[in-house]
Structures are given as structure tokens and as C-alpha cells.
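In the two assemblies presented below, subunit A is common to both, partnered first by subunit B and then by subunit C.
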Partner chain A sequence: MTEEQEDQIIICRCEDITLREIRDLIRRGYQTMDEIKRASRAGMGQCQGRTCRSLIAQEIAQMTGQPLAEVRIPTFRPPIRPVKLGVLAEAEE
Partner chain B sequence: MRQTNVLVIGGGPAGLSAATAAAQCGARVILVDSSSRLGGQLIKQTHKFFGSREQRAGTRGIEIARLLQEEAEAARVEILPETAALGLYSDGVVTLEKNERLIKLKPERLVVATGASEKTLAFANNDLPGIYGAGAVQTLMNVHGVRPGQRAVMVGAGNIGLIVSYQLCQAGVEVAAVVEAAPSIGGYAVHASKIRRLGIPILTSYSIKAAHGGETLEGVTVWQLNEKWQGIPGTEQVLAADILCLAVGLTPLTELLWQAGCQMEYIPELGGHVPWYDENQQTSVPGIYVAGDAAAVEEASSAMVTGKLAGLASAHSLGLCPDFPVLGEKVRQELTQLRAGPTGEKIRKGLGKLRARSRPGAM
Partner chain C sequence: MLDLADAVIIGGGINGLSVAYNLARLGLRKVRVLEKNYLASGATGRCGAGVRQQWGTEMNISLARASIKKFEVMNDELGYYRDIEFKQKGYLMLAYTGKQLEQFQKNVVLQRSLGVPVSLITPAEAGGIVPHLNTEGLLGATFCPEDGHVNPFHAAEAYALAAKRLGVEIHPFTEVQAILVEDGRVRGVLTAAGTVATPIVVNTAGGYSAEVSRMAGVEIPTYSERHQILVTEPVEPLQGPMVISFYHGIYCQQTPHGSFIMGQGDPNEPKGHDLGHSWQFLTEVARKVTWLLPPLKGLRLVRQWSGSYNMTPDAQPIIGEAAEVKGFFLAVGFSGHGFMLAPMTGQLLAEKILGLPTTLPIDMLGLERFARGELIREPSVV
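The block that comes next holds the complex of A and B.
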């Protein structure tokens, strides 16, 4: 696949991250999902990675030769969906 | 902080069944769901269900949602719609958001019935407007009464792909083709026959290569796959379409279970990462149960039964439901029957793998 074709494929649609950007990161040594997330924001948008997570895992598996089962999943921290800061700030004990 | 005996997260077939079962045993039950209308995916299922009478065969999904909600209300389940679970903490506290207010709840038992999300595919121009998950198209048509476009291509010939293709036709949308990457049709023959009778081609060993369009989708290039699932150059076909539906499988929604520290296993046959759970749907974290698609991507009928089992088991662990040894066995047998036969092969294999993984803490 050419770089131009990789540019046309969106992997993380919330943060607009293309396949080329993900593959470049993997080639540069970012080979866990947490690393890719921190370097690119992939998986940090509105859907919190529900859509792109498995696509990124597949890319890591293919490019590094790891079995898909061994690709480490990113940490899921609360809140699992976007919430206004004010909602948290006003919370009672 | 609010307290309750049992909190059920998710108001689809599994969650509603779990809540009703636990409440009928005498437990105080709260059920939360992020949407305004209960029933999960059932509310857009306009087709009649198969199976046995116990799982309401012959009834339309949308009708089952209403019946399940009535049963939960009759059992005095406290239902909180438009309430989203935000987090699950190691001290057992669950945070929820309702009407822009944060609620903290400490349930004695928790049933996670959060369902599954749709998988997607990577192909050129996959961000064009007009490209949807099949579930989204079904919501547009059957919940909101919106016809999504004029001409559709469906990717995936499992039951969802076949049923939604039929419903697209019912909504007056032309379906150009159903494209399936596997060499054979995954869904039931009865659904596939309905599609074929309408003259819609089902292209097996085909996948999508690229989408085309300017502002919105105008067409789709599909191509044939070889036995290694790679596209074969020269086999491309361009289909005009303003809707592309992806029905390429579901994956369990398990964020809360990861947060709770449940032992997770990757089992492709069950849809991806799922929590380890015992024969009563209890995860590796005592007091946390899982049911429905969050436990294994299956049908709504089995979701109702795994929900019921989780509800009964959670009540029993609170000292309620004295008949559980008998009742639980009966429900487990119901599940075994549902999963019998060739259509249950994948789930049986997946559950076999899950059970073979060592029980947490059992060193």
C-alpha cells in the first residue's frame, strides 16, 4: 500500500488519525497501544477508543509479528465516557 | 452515598432479565441505562425472534423490550434511564452521571450488562458521510423513522448484515449487494434466502477496497479475496451507493470490568476480550457478575438467559433465592439448549477456552 493510500484510511475517527500516522509510529518504535495513544491521541476522543482500538491492535500485531492476543490493551481509566469537569467538581462526597 | 443490594448496568435484554430475576428474589435492585428508552438493541429489532417459547420466539424484538421492562417494573426494580456509568473503583463504588449530576453508588452486588460495540474496517475514504455501522442504520430507520439513503452496500453476511439488508429494502432503500469476506454466509439460511429472493446478490470471498465520493459517499469498490484474505487485483467492481453499512461483528464493552480488576481473557470466538466468569456468570472479582454480550457476543435470547442466571446468582449470594440450586440448574440447562447445534458451535468453543483458563487466584 502506498503512503498516499495510507493517508486516505482513517483509523481513529474521533481524533482524525490516519493509517499512515499509526504505521509511522509503530516503525519508530511505539509498539504498545498506550504508547501510540500518548504520542498521537488515537483512542482519546469522544468514543474513547471503542472504534479504533481493535484496528490499532491489528496493525501492531501485523507489523511486529506479535499474536493479537498478546497485544497489550491500553488502561481504561474512569470516566469511561466524556463528562463535563463541572459535573465532577460539584459532586458530593 | 447511595446503597443498594444489586446494581445492574445496562438495560438491554441481559440487564432487564438480571434485574427482574434478582428483584423477584427479594433483592433491592437499581438498573441504570444510558439511553432514554430501555431495551438495548431490542428496540430496533422489528423482526420476530426464533428459538423456544421461553425466549419469546415469534415475538418481535421491540415487543420483547416492552415486556421485559414491564416485568422489571412489576418486580419493583428502580429504573434510572439516561444514566451513564462512568467508572468502577476498587472499593466497589460506581460513579454514574444523570442530568449532569454525579451519583456515587455502593452496591453489594453488581451485574455488568453493557453489551457490545460494532467493529469497523480500515479502507480508503472510510470517513465519508454515508458510511455507517449496520446498527446505526437500523437505529436511524427503525427508531427514528429516517430513511438513510437511496442505494446501499452491506458488508457482512452474518445475521445482522442479512437482517438489516432486508430492513433497508423494507424502508425503500435499494441494496446493491451484500459483500462477505468469508467463503460462506455466516447468518441463518432463512435470512439469506429472504435476501436472495429479493434478487440481492451475496458476494462471498469479497471485501471492500475503497469508498469514493466528494462531500458524501457515491460509490464503493469491492474486490475478491484469495484464501489468505488478500484482495486479488483485477477483480474490482465498482458499485454505486450512497450508504455503506458495516456489519463486521461486535466486540464486548468491558471497560468497567477492566477497571474493577477482573481477570480478562482474549477469546476471539466470544468477540475479543471478555472477563473470566464461572458457571453462574460471576467474574474473578467476587460480587461482580457479567451477562449478555459483555460476557460473550451472542443472541438476545441467550442474553436474557445469562442475565437471569446472573440475577438469580447475585441474589443467592446475598442469602436470597433459597431455590437457587434447582433454579440455577434449570437456567443453565436452558442455556445449553440454546447453544446446542451447529449455530452454537463458535460460542461453545469460546466458552470451552474460557473455562480452560485457570481460575484467578487458583495457583
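The block that comes next holds the complex of A and C.
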């Protein structure tokens, strides 16, 4: 795949992160999803990585030779779906 | 891993990386950073990303002001290939009681005497700076337009890359198991990968500063305390400054990316390393922030997390050498403001380690102040 093609492929739709950006970070030596998430914002958007998490794990596995099952998954943090602050403000304790 | 180093730094957060960069810049050759997890995985990557000069002690104001000057030129100084995202849209600090207003008046006199362009303003003027601010009950505020936001991941990466270019070796996922001390001097550190002999060990372990010190046989009066935080979806630019209310115990800022970051200090938080999160935090912050900044009602929370404040008895850091173990240096106990002071912390501690005159006087930040009872209490921590 050429760099132009890598630029065309969006891995994280919420934050608009391309395959090329993910691969560049792995080439720079980032070997975990936690690092790539923080360096690129991939997985930090509305869906919290539901789409991109497995795609990034595959890229790490392929490029670094780690078995896919051993690629460390970042912490899943609440909430499961985005919630308006106004709704939370009116919630019961 | 090599078995010899001129200095070993324990902790790959912003402070460890800044110390490493500055040691290398000042000419020390074999500098090594050991981080048990990935870089910025502790308090650096969990912090609120705010940087301000509006502090209540001469020490914090001076450290913060000089650090802000460094953030202003950091992309160039460190030759960073991206952007540390320094947004200087100010900090607006709100006073709701006579006592708070009195403290702010004192702070402003001190801050201005040290060159900080800060003003004491009326509620109406505060409403002019943040138009969606609910000014009900507000007595006054202070505003400094140079304060703001820096991306902690990028600032840490900028230091790490610059340090590496100067020859610093950085080892993530490498936990220090022991610090070797002989005849009152540091001799080395032990990791799973082997022993590194070194005459200098620097403790920049953030939330685990007391545990790392204990490895060297040095007891320090720091403890960790969870602080929770949340971030919303990104939206169009709406709010320039960070808004802080000590009365409500909250802070809230929009990042250049568009998301809002906000957090709350909980006076009932127990000491410890808990990094969990609570429902109660979400509802309390949501209630306070939507009262203070009503249009935020429509913003969606996307994530909550927490990090450790590493506290000292006077909420000021410990920077210096431990008197009882030569070669064991500390930059710990930043009490919630370690990220914003890191540019100067790294420079000052590196100068101290190398026996150079320090750019700012920091002897009073030594560990011995607690035994002598010479505390320098900071009144302005959220």
C-alpha cells in the first residue's frame, strides 16, 4: 500500500485518524494501544474506540510481530455511551 | 541494557523527562530514564492540562512564570515535530466569599510584583471575559491572560524525543526493584533486566514517590490522593479561559481540540493509590458546572478517569538531594501542579545535580524543611 492510499483510509472515525498516522506512530516505536491512543487521539472520541480498537491492535500485531492476542487493550472507561451534562446534573444520587 | 550510567531517573512522566533532557543538555553523558509503564502513563497523562501563574506563594509563582515562558517556545527549543498545543486564553479564578476575595487581593499584589500580568476584576468584567458565566453570587475574580492549556502527551513526547536526540536512553516497561545504597551514597539500581551502577538516582515517580524513596532508605512525607476528571465531546470554540472556583472546588477548560476538561477536588478523598472513578463525581461536577456555565448542559460527557495528586504537608514540591543519601535526588510532591512546573523543575534539578548555580533559588524546597518546620504553605490548590 502506498502512503497516499494509507492517507485515504480512516481508522478512527470519531477523531479522523488515518492508517498512515497510526503506522507512522508504530514506526516511531510505539508498541501499545495505550501509547497510540494518547499520541494520536485514536479511540478518544464519541465511540471510545469501538471501531478503531481492533483495527489498531491488528496493525500493531502485524508491524511488530506481536501475537494479536498479546496486544494490550487500553482501559475501558465510563460512560458506555455519551451522556449530556444536563442529564447528569438532574440525576439522582 | 548497559550496566553503567551517569544518572538514572526513575519515572517517565513529564518531570523525569524534563530532568533527563536538561541533564543531557548541560553535558551529562549517560542518562537513563526507567519507567515501569509507558511514558506519561501516571499523573502527567491524567492531569487537567492547565498551566497557570496565579499561585499564592512567591516560589510557585516564580516557578510557574518561568515555566510558562518555556512552554511559549517549547516547540522550537525541543525541535518538536508536532505541536504541544499551548493555548494562552487565560485563567479566570472566581471568589464567592470575603475571605477568598481577600486572599485573591493578596495574591494579585504578590503576582504583579513578580511580573505576572494579572488583574483583580469585577463580576461584570468576568462576565465580559466568559459571556456564558453565571455571575450570581460572584464577589470578584482574578484573570491572567497568559495562563492556559498545554497537551500533556505532546509535551512529554517533545521532552522524550529531544532527550533521545541528546543521547538519553529511555526504557519504558522497566520497573526499578531496588536502589543500591552503600556508606550513605547511591551506588545503583536493580531492575528485572539487571543492575545499573550509577552515582546519581533521581526520584520523579509521581504518585509512587514515597515508595521509591523508601527503596533508598529515605522517608519522605508525601502521599497520593485520587483526583477525578472528565472530558466531553469536542465542540466549536466556546470558552477561552480556564474557569476555577475554589468555592465549588471545580475547574473547567475547553481544549484547543474542542473538548471540555473538568475536575473537582474532593476534601473527603482518602489517601492511597486508588485510580477508580465514581458516579457521584459525575453528578456533582455536572450539577456545579452547569450552574456555573449553563450552556455546558448540552455537552456530552465521553470519558471519565482519575489520577494521583502526590501531596506534601505544605502543597509545595520537594526538589533537591536527600541529605542522608548522597546522590539521591527528588523532584516529587507537586500536589497537583507538577505538569505546569515541569519545564523549570527539570532545569533547576539538573543544575543542582551538576553542582551549577541554580537559575532560581530552590534551597527552601529541600526535604529538610519539614524537619525544621519551615513550611511554605500554598493556599491556592483545587
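Simple rule for what comes next: the second predicted complex is superposed on the first by the 93 of 93 C-alpha atoms of A that agree within 3 Å, B and C clash if a C-alpha of one lies under 4 Å from a C-alpha of the other, contacts with A are read in each partner's own complex, and residues count from 1 in each chain.
In this text, contacts are C-beta pairs under 8 Å (C-beta built on N, C-alpha and C of every residue); 3 or more make two chains touch, one makes a residue touch a chain.
Keep in mind that this is a model prediction, so the values were computed, not measured.
Applying the stated clash criterion after superposition on subunit A shows that subunit B and subunit C can sit side by side.
Shared-chain residue A:V83: touches subunit B and subunit C both. Contact with subunit B, but none with subunit C, is seen for A:I11 once the two complexes are overlaid on the shared chain. The partner of subunit A that touches more of its residues, comparing subunit B with subunit C, is B.
In the superposition on chain A, A:L19 makes contact with subunit B only, while subunit C stays out of contact range. In the superposition on chain A, contact is made by A:S54 with subunit B only, not with subunit C.
Looking at the shared chain after the overlay, A:A91 reaches both subunit B and subunit C. By the touch criterion stated above, A:Q66 is placed in contact with neither subunit B nor subunit C.
Figure legend note: subunit B and subunit C, brought together by superposition on chain A, show a least Cα distance of 7 Å.
In the superposition on chain A, the residues of subunit A contacted by subunit B and by subunit C overlap at 48, 75, 77-79, 83-84, 86, 88, 91, 93. On subunit A, the positions that touch subunit C within their shared complex are 32, 34-35, 38-39, 41, 44-46, 48, 75, 77-79, 82-86, 88-89, 91, 93. Interface residues of subunit B, counted against subunit A in their complex, comprise 1, 34, 84-89, 95, 97, 100-102, 104, 117, 119-120, 122-127, 210, 251, 253, 255-256, 258-259, 264, 266, 268, 272-273.
Interface residues of subunit A, counted against subunit B in their complex, comprise 5, 8-11, 13, 16, 19, 48, 50-52, 54-55, 68-69, 73, 75-81, 83-84, 86-88, 90-93.
Subunit C meets subunit A in the complex at residues 38-41, 45, 153-154, 157, 231-234, 257, 277, 280, 282-283, 286-287, 289-291, 296-305.
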